[in-house]
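Look at the two complexes coming up: subunit A is in both, with subunit B in one and subunit C in the other.
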Partner chain A sequence: MTELARRWMRLRGFITKETLQIRRDPSSIVLALVMPVVLLFLFGFGVSLDAQRSPVAIVIDSPGPQARALVERFSLTRYFHPMPAASMEQATAMLNRHAVDAIVRVQSDFADRLHRPGAAPVQIIVNGTDSNRAQAIQAYAVGVLANDAAQRVARGESSAINGVVVEPRIWFNDAMESSYFLVPGLLALVMTLIGVLLTALVIAREWERGTMEAILATPLRPGEMMAAKLLPYFILGMMGMAMSVGLGAALFGVPVRGSLWVLVAVSALYLLASLGLGLFISAAARVQFIAAQVSIVIGFLPAFFLSGLLFDLDSTPWPIRAISHIIPARYFISAAHTLFLAGDVWPIVWRDATALGIMAAILIALARSRLGKRIER
Partner chain B sequence: MSRPTQTSDAEPILRLRELHKTFDPRSASACHAVRGVSFDVHPGRIVGLIGPDGAGKTTLMRLATGLLAPDSGSIDVLGMDSVRQTHAIHRRISYMPQKFGLYQDLTCQENLDLHADLQGVEAAERPRRYQRLLEMTGLGSFANRLAGKLSGGMKQKLGLACALVKMPELLLLDEPTVGVDPVSRRELWRIVREMVECERIGVLLATAYLDEAEQCSRVVVIHQGQLLDQGTPASFSQRVRGRTYLVSADGMRARTIQGQLSHQPGIIDATIRGGRVRTICADADDRPIRAALDPSLGARIAPTDPTFEDAFMTMLAAVSEPSPTPARPAMPANAPQLSGEASASGETSANGEASASGEASASGEASANGEASANGEASASGEATANGETSASGEASASSETSANRSDQPPVHTRDLTRKFGDFTAVAQISFDVGRGEIFGLLGPNGAGKSTTFRMLCGLSKVTSGEVRVAGRDLRRAGSRARQRLGYMAQQFSLYGPLSPIENLRFFGRSYGLKGRRLESRIDWAIEEFHLHAHRDEPSGALPVGYKQRLAMAAALLHEPDILFLDEPTSGVDPLARRDFWRRINALAENGMTIVVTTHFMEEAEYCDRMLIMSQGRELASGTPDAIRALARDERHPDPSIEDAFIALADRAAAGTKERP
Partner chain C sequence: MIESIALSLWRIWTLVIKELLAILKDPKSRFVVVGPPILQFFVFGYAATFDLDQVHYAVLNLDRGPESRQLLARFSGSPTFRLVGELSADQEIRGLIDRQEARLVIRIPPTFARDLAHGDPARVGVILDGRNSNVAGIALGYINAIVNDFNASRAAAATAGEPPASGAPTAAAMRAVPRAWFNANFSSRWFIVSALGGEITAIVVVILSSLSVSRERESGSFDQLLVAPFRPGEILIGKALPPMVLGMADGLLLSAAAVLWYGVPLRGSLWALLAALAIFILCIVGVGLFISSLSNTMQQSLLGSFIFIMPAVILSGFTTPIENMPHWLQVATYANPLRYVVAACRQIFLEGADLGLIKDQLWPMLLIAAPTLGAAAWLFRHRAG
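After this line comes the complex of A and B, so read on.
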C-alpha cells in the first residue's frame, strides 16, 4: 500500500468516526438544524427593530376640523396608535409612565396660523430612552406632518410653504423591514454557533475522555486529524446556512439580489474561519467546559455585538470600531447584507471575501499548530 | 512458538537510556517524574513495569510511545529515535493508554474499523483479523453494541483488540487490568501471552498489581521516578527466600495477629493472605515473630515460598521513610476527659461522644444511651411512613436501654435492595446486615454495583425496591442528627483542593456541628493521629495521594461517628499506605466502630470480618473470608485465594444463567 493510500484510509476512517459521533449526539443535530429555525422565528417575529403602532398622546388645545384631520392622519399610518389626551399635563403623565412613546401637541392657534404666511408649529416630544426607537418615531411623525402639510397646500388650504420640501427616499430596503436586515445577520449567528461552539467541544472532548492519547499514538498525523474534524462540521454548517437562507426567503420574503453562488462562497469562507477558531479554542483549552465558555466570549458574543449585526459600527466609538476589524463576522455580515439586499457589489464583496480568507487561513494554521503529536504543549 | 530463552540474545526493540523527565521545571511544584531510568524490552518478552501509583509508570509509557519528549536521555524504538521519528514508530507499535481510548458512542465494530483505518490494515486482511480478535476477546456477540454499554472488563478487552488490530512489533499497555474483574483479568493476560508466544512481539506492561509480576518475563521496579531494580520475577523472590512465614493461631483472628506483628523490630511486613498472616522477617530467622507474639497463643509459624510481592515490599520498605504508624488505637485515648468536657458544656449531640470512650464495656453502655435517644426520635418521625414492625422496634429500644435489645437492630441492615436505572438493573436484591464493631466488605470489579449499593446506604440514591436501614432508619428521610452518627469517605478526593488540610478539617468539623475548644481538640487529634503535620498549611489539592487519603479519613472521623462508610478508600494508594490504612481500620473496629468498605482489590477482603461479593449487580457470595475461600476449594486449588474464589463463583454463575451481557 502506498503512503497516499494509507493517508486516504486514515482520513476516511477518522471522518467516518466524526460523522457517526455527530449522528449519535442529539445536541449537535439540535444546534445545527433546530437552532437556526428557532433563531429565525425569534428574529423574524419576536425581535423587530421597527417602531410600529407606537402609542402617541395627541394634545389638541382647541379642537377644530384641521386638528381633527391631523389626528386622523396619525391613526391612518401603521406606525402610530394615537391616544387623545385632555391636557398637556395628562400627556406628560402618560409619557412618564410609559403609556405613550411620544406627545404631539397642536396649539390653539394652529388653524389660524395655517392660513397665515409663516410656520404653523406642531410640537413633538419623544421619549428618548431608546435612542434608535426615538429617532424612528420622530422621523415617522415628521413624515406624517409633512404629508399633511403638503396635502393642505395642494388643496389650497394652506400657504405655509417655506423653503425646500425634503423628499426622503429609502433604497435597498424600501419597506424598511428589519427582517431583511436581520436574516443575513442570522446566517452569521448560525454559522458561528456551528463553527465555533460545536467544534470547540470536539477536540477538548477527546482530551477529556482519554481518546486523544490513544489516537496520538497511531499513525494519524495532526494535519489529517484537523482535516477530518473540519469536513463534517463544514458540511453541517453549510446545511444550517442553506436552511436559514431557504427559510428566510420562504417565511419573510427576504430577497437575494446578488448571486447565490457568491453568497455560498462567502459563507464557506466565513464558516472556515469559524471552524478554525473553534478548533483552536478546543485544542488550546483541552477541557470542554472552558472551551465552551471561551467560544461564547470570543466567538459568539462578538459576532452578535461587534459585527454590525445589531449596532451600526459607524456610530460606535473608535476603539470598538477598531476591535471590530478583527472580528470575522463583521466582514461576513457586510458581505451578506450587500449580497442579499444590494446585489453583487464587487468592491465590497471582494474586500470582505479577502479579509475572511486571510482570517480563515490564520485561524486554521493556529489550530493546527496547537495540535501536535505530543501530550505536552 | 519460541521459548523466551531463544530470543534473549536478540536486539532489544525498546531501549531506554538515562531518561529524565521533569514537569513544570521552573515552578515551585516541579515534579521529577522520571529520574535516570534505563532498561530494554526484547521481542518475545513481557516486561512488567511495576511500582506504586505516582511512581512514574505512565510517564515512562508516554515517553516510550513518543507522546512525551524526555528532558535528557534517549529512547530507541525499533532502531528509531522516539523524538525525531515518532510517526514512523507509530506505524509499528501499538499503545493502550490507561483510559483505553475507546469511543463510547461507537460500537465495538466501529471502534475496530477506526483503528484498522488508522493503522492501515488492508481491507482484504480485515475479516480474518477481526474474527480472530473477536474470538480471543469473546466479544463476537457484542460487535454491534456501543462501547459505552460494555462492562469494565469487556471495554478493556475491546481496547486491547483495537491495539492489536494490526500486529505491532511492540505493544505498550498502561495498567490494562486496573479495576477489572478477575475473570477478565485472566483473559487479558491470556491474550497478551498468546501474542507474545505466537507472534514474538515485545510487550511493556505497567501494573500496580504485584501478583501480575509473576507472569512477566522480566520485571522493572520503579519507585518515585527511579529504577529500583530489574530482573526475572524469580530473581526477586529469591532474595527473600527463607524469610517468609505464615503465622496463625487457633481461636484468634488473623488481623489481631497481624496487628501484633506489624512494625515490630525485625519484621518487615505482615499482611493477611488466605486467612493467615504472611510475615517477612529481616533475616532467615523467625525469632522476631516469636518475640512479638504472646507465647501462650501457641501460634503456628510455618515457612513458606517467597513471592515477588514479598521481595517488592522488602525493597519498598528499605527506600521509604518509616510509614506513619498509628501508635495506639486510632480512637483517642484521651476521650473520657474530652467527652466529659464536651457534655459538660452541652454542645454536642446525644451520640457525639458515645463511641469515643476508651473501655469497651463503658462504650457499649454509652452508645446504648446515645442510640436509645436517637431511636426515640426515629420512631416518632418514622411512624408516619414506616410499617408497624419498624416503629414498634424503634419504641422498644427507646424505652429499654439494654444492649441485648439493641442487638436486634444491626447498625446497617438491607433486605432485597434493588436499584434500577430505566431497564438496567444496577443492583439486584442485595441483603446483608452489619453488626456493631464489624468490618464489612463490599467486593467486586468496577461496574459490579458496589458504589450504587453504597449510595443507597448513605441515602444519596433512591431505592427502587427493598429495605435499607442505617442506625435504624432510612437516611433519605432521616435528618442531620442521624447523619451525625456516620462518617463517609468518598471514592474521589472530596475535600476542597484550594483549602489547606487545617482549613478543610475545620470546615468539615463545623459542618458536623463541632465548635470551640472541642473542634480544636479534635483537629489536634486528627493532625497527631494521621500524621498531617507536614503539609498542614499547603493547598490540599496538590498533596501526595497517601496524604490526601489520610486527610480524607481524618475528616470523616472528626465528629466521632460510630458507623464509617468507606468507598474504594485504597484505590490509587501504594501498597505500603494500603497496609497502614487497614491497620487503622482494624483499630477503629476493635474499638466498636461499624465499618462498611468497598474495594476492587480482592485480597483486601482478608481484612474484613465478613463480606459480600458482587458481580453485575448481584450477590455472588457472602460470608467470612474463610467461608468464601472454602467455596472454591477443590483438588486444583487446595488453598484458594479470594480471587480464585471469585473466578470459581463467577464461572458457576455464568454456567447457571446461560448468558448475561
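After this line comes the complex of A and C, so read on.
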C-alpha cells in the first residue's frame, strides 16, 4: 500500500467517525439548520431600517385649501400617517408621549406667503432620540414638501421659480430595502455561529471528556485530524449558507446579481477562516465554558459590530476601523454585498477573497500548531 | 411572629452572602460581571454608529458655471462629505461606484445654469451606492438639506436685492425648516449609549442568575442546599438577590460612564432611572432563574441565556426601531421586557422624563415579572431534585 493510500484510509475512517458523531448528537445539525432560519426571521423582520407609516402630527394654524392639500400629500406617501392636531401645544404633548414621531406645522400666513416673494416656511420638528429613524423621517418630510412646492409652481399656484431639484438614483437597491443590505451580512453571522461557536464547543467538549487525547494516541497525523475535524463542519456551514441564500431570496426577494459560484467560493474561504478560528479557540481553551465565551467575544461580536453588517465602518473612529481590518467577516460582508447586489466586481471580489484566503491560511496554521502541542503535561 | 420573620431574614441574608461569595470567587462568573460590560461599553459606544462621517463622493460637473460651483462648495465644506475625485464623463461613474471608490456621485448637467436663469427646475443627478441602503438614505437626506439651504439662500438673495416687480419670480415656493428635539445633532451614539445601562443589566443578570442553580448542580451542592433548613421561597430570594445587586451596580456604573465618558446628557430624574432599572431587574431575574432551573450544567445555562438574550436584544429597539418592524412582530415585542427598559432609559436620559412619564414602561414590566418569578419559584419547588 502506498503512503497516499494509507493516508486516505486513515482519513476516511476518521471522517466516518466524525460524521457518525454528529449524526448521533443531532443538536449540531439542528443548530446548523435551524439557526439560519431563526436568524433570517429575526433579522429579516426584526431588523429593519425602513421607517414606514410614521405618525406625524400636522398643525395648521389657519385651515384653508392650500393647507389641506399639504395634509393630503403627507397621507399619500407610505412613509407617513398624518394625524391632525388642534394646536401646537397638543402636538407637543403628542410628541412627548410618543404618540407621534414628528410635527409638521403650517403657520397662519402660509397661503399668503406662498404668493409673496421669499419662501413660505413650514416647520418640521422630529423627535431626535432615535437619531437614525429621525433623520429618515426628516428627509422624507422635506422631500414631500419639495414635491409639493414643485407641483404648485408647475400649476402656477405660486409665484416662485424652481430652484435646484435633486434627482436621486440609488443603484443596486433602488427601493432602498434594508433586507437587501442585511441578508448578505447574515450569511457571515450564520457561518460564524457554525464555524466558530459550534466547532469550538464541540471540540472543547472532546478535550473535556478526554476523547481528544485518545485520538492523539492513534497513528493519525495532526494535519489529517484537522482535515477530518473540519470537513463535517465545513459541510454543515455550507448547508447553512445555502439555506440562508435560498430563504433570503424566497422570503425577502434578495437578488443574487453576481455569479453564484463566486459567492460559494468566497463563502468557503470565510468558512475556512471561521473553522480555523473555532479550532484554535477550542485547542487553546480546552474547556467548553471558556471556549463559548471566547468565541462570542472574538468571533460573534466582531462579526456583528466590526464588520459592516449593520453599522457602516467608514464612519467609525480610526481605531475601530484599524481593528476591523483583522476581522475576516469584514472582507466577507464586503464581498457578499457586492456579489448579491452589484454583481461580479472583480477588483473588490479579488481583494476580499485574497484577504480571506490569507486569514484562513493563518488561522488554520495557528490551530494546527496548537494541536501539534498535543497532550498537556 | 416577628421572631420567625427575623429568622427568615437572617437565613436569606446568610444565603445572599454565600451566593455573592460564590459569584465573586468563581472566575467564570467574575468575568461575566466585568468583561462583557466593559467590552460592550466601548464596542457600542464607538462601533455601533449610524452617523455619517466623511462620506466619499465624486463630482461630474458638466456646467462649470458660478452657480454650480457655489452649490458644490457647500458639499466640500461639509464635514459629512469628502471629495475624492472630479469626473469628466458619464462613463466614469459606473466603475467608481462599482469599486466603492466613491459612495455617491453628484452629476450637474450642462443645462444647470440656463435652467436656473430661466426659472426652470435645475435637476441635479445624485447616484448613490445602494449596497448599504442606510448610508445611501441618510446621505441623500444630507444632500437634500444642503440643496434646500442653497435654494433658500438664493431666494433670500433674490428678495434682498432689487425689489421684484410684481409677478417676478422668486427662487423657492416653500422652505422646510427642520429641527430635532432631544437629540439635535442626530447623534446615534446618544441613542445607543443611553439605553446601554438597561441592556448590560439584562445580560449580566440573566447570565449570573442562570448560572446560580446549575453551578450547584454541577458541583453537587444543590442537594445540600435543599436539605438545609431553608424554605423554597427563601432559596429563591437568596439566589435572586446577588445577581440583582451586581446587575444594578453594573447598570448604574455604565449609566454614569455614559454621561462622563461619552457626554450623554441625563436630563430626567435619577429616581426614575433607579425605578426603571430595579423593576426591570426584578422582571429579568425570573427569566434567568427559570433558565437555571431547567439546565443541568453551566454550559446549558450559558446557551439558554444566549438563546434568550439575542432575540430579546434584537427585538428591543436597542439598535433598530420597533416601529419599523411588521405589525405582528411589533405586537410580539410587548412581551419582551427589554423593550420597556430601553424605551424608559432613552426617555429618562434624552427626553428628561420623570417617574410620571415613564409609568407606561413600568407597569408592563411588573406584569411580565409576575409570571417569570412565579415560574422560577414553581420550578424550584418541583424540579429541585
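Structure notes:
What we mean here is this: the second predicted complex is superposed on the first by the 372 of 377 C-alpha atoms of A that agree within 3 Å, B and C clash if a C-alpha of one lies under 4 Å from a C-alpha of the other, contacts with A are read in each partner's own complex, and residues count from 1 in each chain.
Simple rule for what comes next: contacts are C-beta pairs under 8 Å (C-beta built on N, C-alpha and C of every residue); 3 or more make two chains touch, one makes a residue touch a chain.
Worth saying up front: this structure is predicted, and the values here are computed from it rather than measured.
Taking subunit B and subunit C in turn and counting the residues of subunit A each one touches, the greater count comes from C.
Contact with neither subunit B nor subunit C is seen for A:Pro65 once the two complexes are overlaid on the shared chain. By the touch criterion defined above, A:Glu213 reaches subunit B but does not reach subunit C.
Once chain A of one complex is fitted onto chain A of the other, the partner contacts of A:Leu20 are limited to subunit B, with no touch recorded for subunit C.
Looking at the shared chain after the overlay, A:Val345 reaches subunit C, while subunit B stays out of its contact range. Looking at the shared chain after the overlay, A:Arg221 reaches subunit B, while subunit C stays out of its contact range.
For the contact definition in use here, the subunit B contact set and the subunit C contact set of subunit A share no residue. Touching subunit A in their complex are the following residues of subunit B: 23, 62, 65-69, 86-87, 90-91, 93-106, 110, 113-120, 122, 159, 162, 172. Subunit C contributes residues 28, 31, 35-36, 39, 43-44, 46-56, 71, 97-100, 103, 115-116, 119-138, 140-141, 143-145, 147-148, 150-152, 154-156, 158-159, 164, 167-188, 190-191, 298-299, 302-303, 306, 310-311, 314-315, 317, 319-321, 323-326, 329, 346-347, 350-351, 357 to its touches with subunit A in the complex. Interface residues of subunit A facing subunit B in the complex, by the touch rule stated above, are 1, 6, 9-10, 12-14, 16-17, 20-21, 24-25, 209-221, 373-376. Residues 38, 42-43, 45-52, 54, 95-97, 101, 114, 117-136, 138-139, 141-143, 145-146, 148-150, 152-153, 158-174, 176-178, 180-181, 288-290, 292-293, 296-297, 301, 305-306, 308, 310-312, 314-317, 319-320, 334, 337-338, 341-343, 345, 347-348 of subunit A are the ones that touch subunit C when the two sit in their complex.
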